[in-house]
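In the two complexes that follow, subunit A is the common piece, with subunit B as its partner first and subunit C second.
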Partner chain A sequence: MANETVAKVKVDPRDAKLSMAHFFVAFSALALGGLMGLLQTLVRSGKWELPWGIDYYQVLTVHGVLLGLVLTTFFIMGFQYAAVSRTTGGHSNAARRLGWIGFWIMLIGTLMAATMILLKEASVLYTFYAPLKAHWIFYLGLTFVVVGSWIDGAAQIMTYAKWRKNNPGQPSPLLSFMAVINTVMWIVATLGVAATVLFQLLPWSLGLVDTVDVLVSRTLFWYFGHPLVYFWLLPAYMCWYAIIPKIIGGKIFSDSLARLSFILFLLFSIPVGFHHQLTEPGIDPAWKFLQVILTFMVVIPSLMTAFSLFATFERYGRSKGATGLFGWFRVLPWNDARFTVPFIGMAAFIPAGAGGIINASNQMDQVVHNTIWITGHFHLTLATSVVLTFFGISYWLIPHLTGRKLTKAMNKLAIIQAWVWFIGMTFMSGAMHFEGLLGGPRRSAFSTYGGAKQAAEWIPYQVAQAVGGSILFLGIILVLIIFVNLAFFAPKGEEEFPVAEAEDNAEKAPMVFENWKLWLGITAALILFAYTIPFIDIIQNAPPGSKGFQTWNKW
Partner chain B sequence: MHMHKLEKIWLIFGISALVVFLTVIGVSAFYLGNKPPSCLTTIDPEKVDQQKPFDKPGLNKVEGKAWDYELVFVASAFSYNPGKVEVPLGAKVKVIATTKDVIHGFNVAGTNINMMLEPGYVSEYTTTFDKAGEYLIVCNEYCGAGHHLMSSMIEVVK
Partner chain C sequence: MAKAELKTKQKTVIEDKSSLKGTLASVFFVGAFIIVTWVGVYYLFLERF
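And now, the complex of A and B:
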């Protein structure tokens, strides 16, 4: 068994090809979406205007769709596909074919949606709230992306199931288990957005029905919208839990607790969408509060995660002879980009998580709801914690897949990139948080609001955001240089795909964690508990439906 | 499954803090009445102007209610009606608003009045204006090309 594991430490080259296909799409999305982000911050500073009739809200739609939906979904599917391949011994031909089919369907869907956005037929932002009505091809494109991701994810599930069948009574490899948890959560969550797109928005945009029930659509969207952010976060947690310990030369603190925390994320990420709808009419405040309580249950696995990670760091440091309360901190491998880049992301999650607690706190949300504070919040969570971890993964995964090496020079550039990112984000996200507390709205072009005194106070923060945005764009250029180097130019060699082991004294993970009937059953029960009654209320007390509006600038 | 003693202490402390926290916001919401705006009244979005109270946008004095005034706003792309309104200092006001077309936001900058306006629904929030000055109302949900131009003003005067 041990020899077999050693022999299979490389991802099968055929699987590597599919993973790389995902990463090419993901990093192309990063390049274009990042440029759009720069343009937005420049426009909102009030010092610059978009040329050639390009519209601010069109740029904003491109930015959100490319970075929030395309970069994330393609990177995550590519990474998880490789992680399952690496830890199970490779995908079967059937699973690989499924993966390719999923990839192409996602890509076609992306191109359909992108075309409509470029034609100014879909300046509806990446949340596409009805009754703003985009072209039907936009909605169909999004459907393709979601369905493609299901098929892509099914490849991972298939390979996991095959491993389980071949290894009865054994707990599955940790990284495969985590990838499958995230894929299952994604499938359950996307049922909501698929329902509103297929049954409401597509027929409505095709003219088959005249009106749409706005609150039903929003509720289905947010049933999906919150687990979406955990879908982004869990692959970063996979790296923090199961890969970083190997990179620093330590061990996983506890394999079982890592699995338990992932199961808790599966259970408590979905029945919580109302905390995005706290200031909305038409939803009973008692049900809002119930979902707020369920939302806060994710604090428990988050605390477990924080404990495990720092326990790993401290134990490793002490094993290297570090003394004192914080002596272990200094001996961590700060010159290794594979560690330092995700670590900066991890550190960013402390203020990011604190901000999230404020946002979800029922009535406290009124202070910040839809202000640019929220934008600042998810640029710390997604655009720092998650994205820096994804960059950190790329620095060993891309050369591993392309048969190259991360050189010393690129390693150094990667560390510089992460600090550039950190500085840029401190300016941009920091200024967004402060402006939001003063009431500055999100998703808005530059405006003096008729010379209002309060709006004048917001402008200096918007200038700071443009400074931060420019620094971040420099960071994007650096990461693209590293990506292209690792994909095409770095010297040939073997780069390790690090997979950590649990501490020697950690016992075998209980098999109950692999009991999918149980966990899917509890997931379904919690969703039904949190949503059935308020959803029936929303449908029964619905007002007359809304016809569609296209209030954005057209070509 | 083994759990380290320090981790148990950490989790017990964390979960206890969580329970206290949720109790505080729960008591604040349901005992002290600080619930987020959650009005359940519906309206035909195409007949807003003909229906009470939206046939008379602006500040209206009311009698025999727990509040002194009703401040009625009708939102549509890309403006609020009224575009400016004076409110007497210290008045207890129920803000009532809705939209005639797409979703809009209704955020009175510098206050806790922040609610979504959705077609077919009425949004309400009761508050006391106890500080004089100008308060800018901004639309904080994307509504189209003129989203960043959509605003109104509340002047709280002595």
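And now, the complex of A and C:
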């Protein structure tokens, strides 16, 4: 009976509308960005060439920007906005207005950047490393996306603050707490990319200054770039910790453990950008070493998460009478797409996380740096773990927001979709990992490198990537079919927004977790500790700045 | 009937419902996977550099 009351708790329809607006942009980005991914793998197989003078690097930029930046940011903001609405009782009119303003600014920014990429004015890939120089409208568009996301995030923080004010001494709802941690981490992290864009790349692309300090811009980018991957991952963790237990009919293993792991992510995912710059000259190795240690601290909340999820599953299985070491595994609801789709994502995080630890280790980074292993790695983390969880969320959230039902047929198609994705990614990401270990470079169009023997070794793996990419594109078509069905055609009804409860309701999360002064203070202290001295060093001992380069053919 | 039951030699194993043995085994598996892949690439590094 209690379940029925919970099932009727709905996201306010006015909030639902804003969330859906985010999802329409996100899934449009998925359609176009996914197509670009298919084209890339076909080009790299060496069997096919792009028509009409379209450049490989232009296609690569569209793919990275649309999937890495647009799909993720819009989906995450839409999901978190709905999660905060659902667990706090809804946004105020002021917060909702703010949310819409943020959404429109992000959309305008996206269109500005996309236009410049399509006009071949910005084939600088999604990392837009200087000294590759794009049109200033591209950088301004990205600025709009970031500023819009701050405003969008501010709406969530406002609603959280209002809830805290109305419920003094109470720990906030877990999903809202998690959404706010992720938003705060995003705001702190994006300060870095905002700094490089506003103070370096915009004046330089506008012609106000002639040169750019490449190392400063890359350092500011990676100050942002690593927490960016956690900004993608934490919403998936929100689903794994606080939603999946409800879907399977179990309980959250520990509410406090979940909160602690999110706080650890806030603390340790920012002061670690140097592990992306291990091969870069100009940064003192001692500071690289320090940031590598901080990077390894992130292993702790990751393994806490793994433990907590296994424990949730085992407890549930045993409550259903499962026995033996792994009996609980069999009784999980494998026919429910809302569980199975994110579960495949969770499983993918085991090799994805293991790969990440290799990347962050100084010596081993020399084996894999700038090889397609890295591309394979983030196609496991982002493009499997995170994205499959996002798909899994959509399968109940979209019908919840549109007042429809996930039908049995769509549920089945969703499970098929996830397996198609898994198979495609095993081929593509697997081949990328192995090719990377053989030295195959990332960010490279098809080339035989002057008939080099080593390059010939890579080609079979590139063909395997094209096979995997084609299967994945089929997966994208299936997702889009399900999305359109759930948004417009599925039968009217009520789909639950599942929110799990902790195992022991008497256990109240310690209020220290909501002490923002403390956590923001430690976050700031760690960032200042890890960055201040090396950053001064980078600026003081800077080589002459670089002029801009445009390595691609314009239209 | 009661006597027959008393005579049965089969032990009834009652598993603790709160047991987390499977969780322990699973996290050990994850840890082992991480170590094996790490050591594998470390050997590649030693061979090449």
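The working rule: the second predicted complex is superposed on the first by the 545 of 555 C-alpha atoms of A that agree within 3 Å, B and C clash if a C-alpha of one lies under 4 Å from a C-alpha of the other, contacts with A are read in each partner's own complex, and residues count from 1 in each chain.
Throughout what follows, contacts are C-beta pairs under 8 Å (C-beta built on N, C-alpha and C of every residue); 3 or more make two chains touch, one makes a residue touch a chain.
In this text the structure is predicted, and so the values were computed from the model without any measurement.
Asker: For A:Tyr57, is the partner it touches subunit B (first), subunit C (second), both, or none of the two (neither)?
Answerer: In the superposition, A:Tyr57 contacts subunit B only.
Asker: Pick one for A:Leu480: touches subunit B only (first), subunit C only (second), both, or neither.
Answerer: Neither subunit B nor subunit C is touched by A:Leu480.
Asker: A:Val467 contacts which: subunit B (first), subunit C (second), both, neither?
Answerer: In the superposition, A:Val467 contacts neither subunit B nor subunit C.
Asker: Quick one: classify A:Ile423 as touching subunit B (first), subunit C (second), both or neither.
Answerer: neither
Asker: Check whether A:Arg315 is in contact with subunit B, with subunit C, with both or with neither, and answer first, second, both or neither.
Answerer: Only subunit C; A:Arg315 stays clear of subunit B.
Asker: Of the two partner chains, subunit B (first) and subunit C (second), which one does A:Trp328 touch, if any: first, second, both, or neither?
Answerer: Touch status of A:Trp328: second partner only.
Asker: Subunit A residues in contact: does subunit B have more, or subunit C?
Answerer: After superposition, B is the partner touching more of subunit A.
Asker: Contacts for A:Phe307 in the overlay, against subunit B (first) and subunit C (second): which applies, first, second, both or neither?
Answerer: both
Asker: I'd like to know which partner A:Ala31 touches here: subunit B for first, subunit C for second, both or neither.
Answerer: In the superposition, A:Ala31 contacts neither subunit B nor subunit C.
Asker: Should A:Thr371 be classified as contacting the first partner (subunit B), the second (subunit C), both, or neither?
Answerer: After superposing on A, A:Thr371 lies in contact with subunit B but is clear of subunit C.
Asker: Where on subunit A do the contacts with subunit B and the contacts with subunit C coincide?
Answerer: Looking at subunit A, the two contact sets intersect at 303, 307, 311, 361, 363-364, 366-367.
Asker: Would you pull the subunit A residues touching subunit B in the complex into a rising list?
Answerer: Of all residues in subunit A, those touching subunit B are 55, 57, 60, 125, 129, 131-132, 214-215, 218, 253-254, 256-257, 260, 277-286, 288-289, 292-293, 296, 299-300, 303-304, 307-308, 311, 361-367, 369-371, 438-447, 449-450, 452-455, 506-507, 509-510, 541-546, 549, 551-553.
Asker: Which part of subunit C faces subunit A closely enough to touch in the complex?
Answerer: Per the touch definition, subunit C meets subunit A at residues 15, 17-23, 25-27, 30-31, 33-34, 37-38, 41-42, 44-45, 48-49.
Asker: Considering the complex alone, what residue numbers of subunit B touch subunit A?
Answerer: Residues 1-4, 6-7, 10-11, 14-15, 18, 21-22, 25-26, 28-30, 34-46, 77-78, 101-103, 105, 107-110, 112-124, 134-136, 138-149, 151, 153 of subunit B touch subunit A in their complex.
Asker: Looking at the complex, which residues from subunit A come into contact with subunit C?
Answerer: 303, 306-307, 310-311, 314-315, 317-319, 323-329, 350-351, 353-355, 357-358, 361, 363-364, 366-368, 437
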